[in-house]
Amino acid sequence: MSSTWGNNIKLSLFGESHGGAIGINIDGLPSGISLNLEEIKIEMKRRAPGQDKTATSRKEKDEFEILSGYFNDKTTGTPLSIMIRNTNTQSKDYDKTKDFARPGHADFTGRKRYLGNNDYRGGGHFSGRLTAPIVFAGAIAKQILSSEGVIVGSHIKSIGEIEDNSFDPTKVSPRLLEFLKVKKLPTIDDNKSVEMEKTILRAKEEGDSVGGVIELAVINPMAGLGSPFFDSVESHLSHMIFSIPGVKGIEFGKGFDITKMRGSKANDEMYMEGEEVKTYTNNNGGILGGISSGMPIIFRVALKPTASIAKSQRTIDMFKNKDAKIEIVGRHDPCIVVRAVPVLEAATAIVILDLLMEMKKYDGFKRA
Amino acid sequence: MSSTWGNNIKLSLFGESHGGAIGINIDGLPSGISLNLEEIKIEMKRRAPGQDKTATSRKEKDEFEILSGYFNDKTTGTPLSIMIRNTNTQSKDYDKTKDFARPGHADFTGRKRYLGNNDYRGGGHFSGRLTAPIVFAGAIAKQILSSEGVIVGSHIKSIGEIEDNSFDPTKVSPRLLEFLKVKKLPTIDDNKSVEMEKTILRAKEEGDSVGGVIELAVINPMAGLGSPFFDSVESHLSHMIFSIPGVKGIEFGKGFDITKMRGSKANDEMYMEGEEVKTYTNNNGGILGGISSGMPIIFRVALKPTASIAKSQRTIDMFKNKDAKIEIVGRHDPCIVVRAVPVLEAATAIVILDLLMEMKKYDGFKRA
Amino acid sequence: MSSTWGNNIKLSLFGESHGGAIGINIDGLPSGISLNLEEIKIEMKRRAPGQDKTATSRKEKDEFEILSGYFNDKTTGTPLSIMIRNTNTQSKDYDKTKDFARPGHADFTGRKRYLGNNDYRGGGHFSGRLTAPIVFAGAIAKQILSSEGVIVGSHIKSIGEIEDNSFDPTKVSPRLLEFLKVKKLPTIDDNKSVEMEKTILRAKEEGDSVGGVIELAVINPMAGLGSPFFDSVESHLSHMIFSIPGVKGIEFGKGFDITKMRGSKANDEMYMEGEEVKTYTNNNGGILGGISSGMPIIFRVALKPTASIAKSQRTIDMFKNKDAKIEIVGRHDPCIVVRAVPVLEAATAIVILDLLMEMKKYDGFKRA
Amino acid sequence: MSSTWGNNIKLSLFGESHGGAIGINIDGLPSGISLNLEEIKIEMKRRAPGQDKTATSRKEKDEFEILSGYFNDKTTGTPLSIMIRNTNTQSKDYDKTKDFARPGHADFTGRKRYLGNNDYRGGGHFSGRLTAPIVFAGAIAKQILSSEGVIVGSHIKSIGEIEDNSFDPTKVSPRLLEFLKVKKLPTIDDNKSVEMEKTILRAKEEGDSVGGVIELAVINPMAGLGSPFFDSVESHLSHMIFSIPGVKGIEFGKGFDITKMRGSKANDEMYMEGEEVKTYTNNNGGILGGISSGMPIIFRVALKPTASIAKSQRTIDMFKNKDAKIEIVGRHDPCIVVRAVPVLEAATAIVILDLLMEMKKYDGFKRA
């Protein structure tokens, strides 16, 4: 299994970067949900390429066609399937270099995994392009969560050495997330956005690329999501997040920094705020024992610099099994972080919805 | 689902810290595997409590009884099940404070998840004690992997502010892993081990606790493990690793630091070493596009300081819904990092075995 | 995977007929359910061997020990695990004949599946003894279903050529199911019970065995259980039912006989009875399009004659790969149908509970 | 979950009878398999409607478009996805009667399951039309199995009261299966085919429908497929087979008739034929203890008469909750058995391939 995911919502993803189409089959949605299709298109557009000089010049409108599961403007409850045609492919770019493994890419490992039969053009099924259907599924999940009062948002915490402020982990405002959503390069501190853009363009000019960190927040989550032992919120989220190409690290709450704190500082002391249970700090990122506490779920995701760069690199010829050099032609993002923002939000929303449905299973049984 | 895991090897975990027994049912092992039971006991002992002043004084021999699946000194291929009796429980410690949510623990979230019905004594099913059966399963996985030439090992990268050296990611020697395995507090630089011990004991004296980072290595892995899109090696490993209590972060290869590198530095350039494909660097931690490359798989795991501390903390009374103070009595590790070492190795070995079995599914089909 | 089952309730079964213990880990139960342990013991006793001359003389009390998941007389919501020690084993019976494949048994196929490493004594993990933990799990499921108003029951439809009456598929009375439950050989027509007993004893005297059919009913099921396409009620039930050793056929409603009816007869015409939707007939066994209609779910299960018989049979020596003869010594049921009654009821209850939890996932979402 | 299936090969099905398209995503195929597309089209055509007066007059070419997973004339190993456009829909037929539950159909139960939001036109996702993508997936499975030497075939055992001969369960010839495959109404005895056609046409003329039984054979299966306890060959096959609309029963080997045999007759005595293990009879249908023995796997499937009939029927108005009458307009098969033949073969092939991949997981481990 590779492209099938989920316990309650089941995703089945298909497609290659330069094949006929990409798409997703979403199985297990609640029926009777009206979708805001315009809102979905906005999410798709946040991810779409070719919008800006910080991004690849490959232009794809990413227009989705709903093939099933939506009837009379509502989800039917049976599989909701979409297809997105690949239109702006330049497969010839890949013919020249297909014998050479692009460093940092899945060319060599994909070849090993599939015994040389995978579609190598544009990375095939490994391509970041496959995140477009994920954004579609996530846009639906966001809408359902939103009507349950749960909101998912994020900002770019860093690009290269440029660091934005952090979310206040004990209270992330819905309004802040709204502001961030419409920004092209979403930072809390707009000055940092300007600097980040410069950093990206400088790398681009030099035929190079940069990485960064995205910080995500799930606000107003219900307490009690997740299950010990193997289905902690962190387990579920990280499984999905590490599916996204380019992710190399994830940390919840204080993350790696919590290892330098004493327990007396790291523990989030608790108090009652009216009827609600709160913590003075949120070093655990809203998750204790793998279960959501009701505080904001906060985590950060590390994305590596784009592997496709113009500079000459040492590699191997996979057919002749000998050393070689490669200069990658083609249209690439000098920094995938910006376009990864809506993808990681989508991935997060899908996981939280899956966990919410898991929680509902246990509801309403008569207990003597 | 909560305590069931796996695609190919299926784990089903049971037990509470102060209940009758804990154990695991391992379904899907290859048949006909002779196990070195002494070696398994050594792994269990690495994790067992009460061995040292840096650890809890709860003494548990963690003697396992094999209930099924092992016959004539070989795995039968049907479920291999073990049980470990809980013997040295002091449940009364928990009666006094059961109304109060221990900060940093799952008391409050577990109560939400299970509507107040979970066994609160010693953390119940959330307890770190549940990692004992994981170590058992991992010890089996290690033995099977070892006969396939794959070795899993680790060292403590840091405790609090004290940092050990790192693995050389391009070549981790099996001999080094052997050395580390027999150390009580496994560091590459023994001086750091001494300092770490001091750090732990100092925290203990002050009624406090410390956290740390463990660095793991899988050496000599077969290239081609893992699958896009949702079953990357990172996805699988992180899902399992975040099941272990106290884990707050994971990063592969350079991890968060890769976000500060340019692509031209971050990409691991490739070359042929005889028949073998190698990379000059290993910033990607042996995983490209979610698939193992054959280079060592390297990752680091952040563990928070033990949540149970003697110091007085602000919390809530979960029954009266009002603010309260708690001083935790009981026997606790001032630092869980040391005992987490064999647990994380075990978890890693189980995942790699599961991925190896996944790979084998596709073998041997006739291809025209 | 072999001994792991379930989408919502997860079962993990372990043990061999002559090993240390058998048992089951039940993951995903709702928390806070008080169990009637006496009622569970009654169900276990219905299945237990050695109670009667129509059954094997192997005496096993089948006393279960709850290892986890039950605290303060309620389910905790974390895995509920039990163990049953094997006590009355006579493994030597199997030593003499272990080289010979018993016809009708899994000796040869099990050997193929596990490359000769499975525990052959008493059938090992293939043994009907493994149904004891299923009965335990089913007894819990029955209690939970019962508090939701759903009742599972059955009768023996036939033993050899002796046929009992059938359930009236449009209305099965709860009272009838109660009567059946306490009968040693549960038939609707008690005369048939007498004849069936004779048939069994006659086969026994002749060193032979007989089979039969069990008819099951789920009464008062909620409409809407099951999902197209692959998770029809029939799919779920049949998957579980065919796990029970000796089952060779299953049919729902009119089953095979419906193939001889015209559509105009086979279709169950509908009407309103007050607020409730009913059908005049119930040829479809309460399931339409794979989904429960609210009418009783009715199905029949074919059980083959016990494979273990005293008569001499032609077989092979699996070690020498040559023809051989076998006379099976040991204690066996001349007819497994009687003891299969509580097993099939248990299996049915587990499936219905799993489907009910599936249904609950979709509840309560806000629909605009 | 509803439309997602499989342990090793994962199917994800989508579409409604009158929606934009139907299709399937097949995840987990071995890479590098060349497909005979012409052969797939032949299988699709065997199922396609509108070919004959015994079938519905709805004409659908069922032309599939491969969207992904096939590159350079070979499977890539990543998801193979197809789409089939719905072209010849006459949705207006359903508008008139959409308030009325068609007896024998999923109209009422689907409404309950999806709270009234499912696409009712032509049965929506419940439609037999969804079996077209199953046939596609099965045609691939057949080709892969065929290169492993395993062949799946079938014949119509009965239509109404007309009975064909049975397969000789101890030896089904590949040649016989080839003959059957090209017959329009595949029977062993061609006279029966003529009579069956008459029976179907008579029912059609009378505005009625008939059902029947299909007997399937898997010849030359490897011994050792399947796993106790819950993944018996029968469990896997029945789960999939009962997903096919209209199936009401399944029996393996002698099936229900075995319940009337003594054990001494029912047991299949064994002998060596050269190196091979054979049984004199095959009453168990090639499966013992849930595991394939290497003898032909034989089973029969009961299909009910088409629920859509022209005759007036009593039903309910689902909106007004009152009694009503319905006369079903539209184009329907008077007998689904004929078109179900390739569907059941396809379903069988998929399951056997999934089991074969399961078997391969355990191969090649070093055993000391």
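First chain written, first letter: the chains are A, B, C and D, and each begins at residue 1.
Assume a contact is a pair of C-beta atoms (placed from the backbone, for glycine too) under 8 Å apart; a residue touches a chain by one contact, two chains touch by 3 or more.
None of the values given here were measured: they were computed from a predicted structure.
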{"item": "Topological distance between chain A and chain C, in contact steps", "value": "1"}
{"item": "Contact-richer chain pair (by C-beta pairs counted) among A-B and B-D", "value": "A-B"}
{"item": "Farthest-lying chain, centroid of Cα atoms versus that of chain A", "value": "C"}
{"item": "Chain A and chain B: spacing of chain centres that average the CA atoms, whole Å", "value": "26"}
{"item": "Interchain centroid distance [CA atoms averaged], chain B/chain C, Å", "value": "39"}
{"item": "Distance from the mean Cα position of chain D to that of chain B, given in whole angstrom", "value": "45"}
{"item": "Per-residue overlap in chain B, given as positions that touch at least 2 other chains", "value": "1-4, 8, 13, 28, 31-32, 74, 77-78, 113, 115, 125, 228, 358, 367"}
{"item": "Residue ranges of chain B touching chain A (in the complex, touch as defined)", "value": "1-5, 7, 11, 13, 101, 103-106, 108-110, 112-113, 115, 123, 125-126, 130, 158, 160-161, 203, 208-213, 223-232, 234-236, 238-240, 242-243, 245, 247-256, 258-264, 266-272, 275, 277, 279-280, 283-285, 287-294, 302-309, 311, 313-316, 321-323, 358, 367"}
{"item": "Residues of chain D that touch chain B when the two form their complex", "value": "8, 28, 30-34, 74, 77-78, 144, 147-148, 228, 357-358, 360-368"}
{"item": "Chain C-facing residues of chain B, complex", "value": "1-4, 8, 10, 12-16, 19-23, 25, 27-28, 31-32, 65-69, 71-72, 74-81, 83, 113-119, 124-125"}
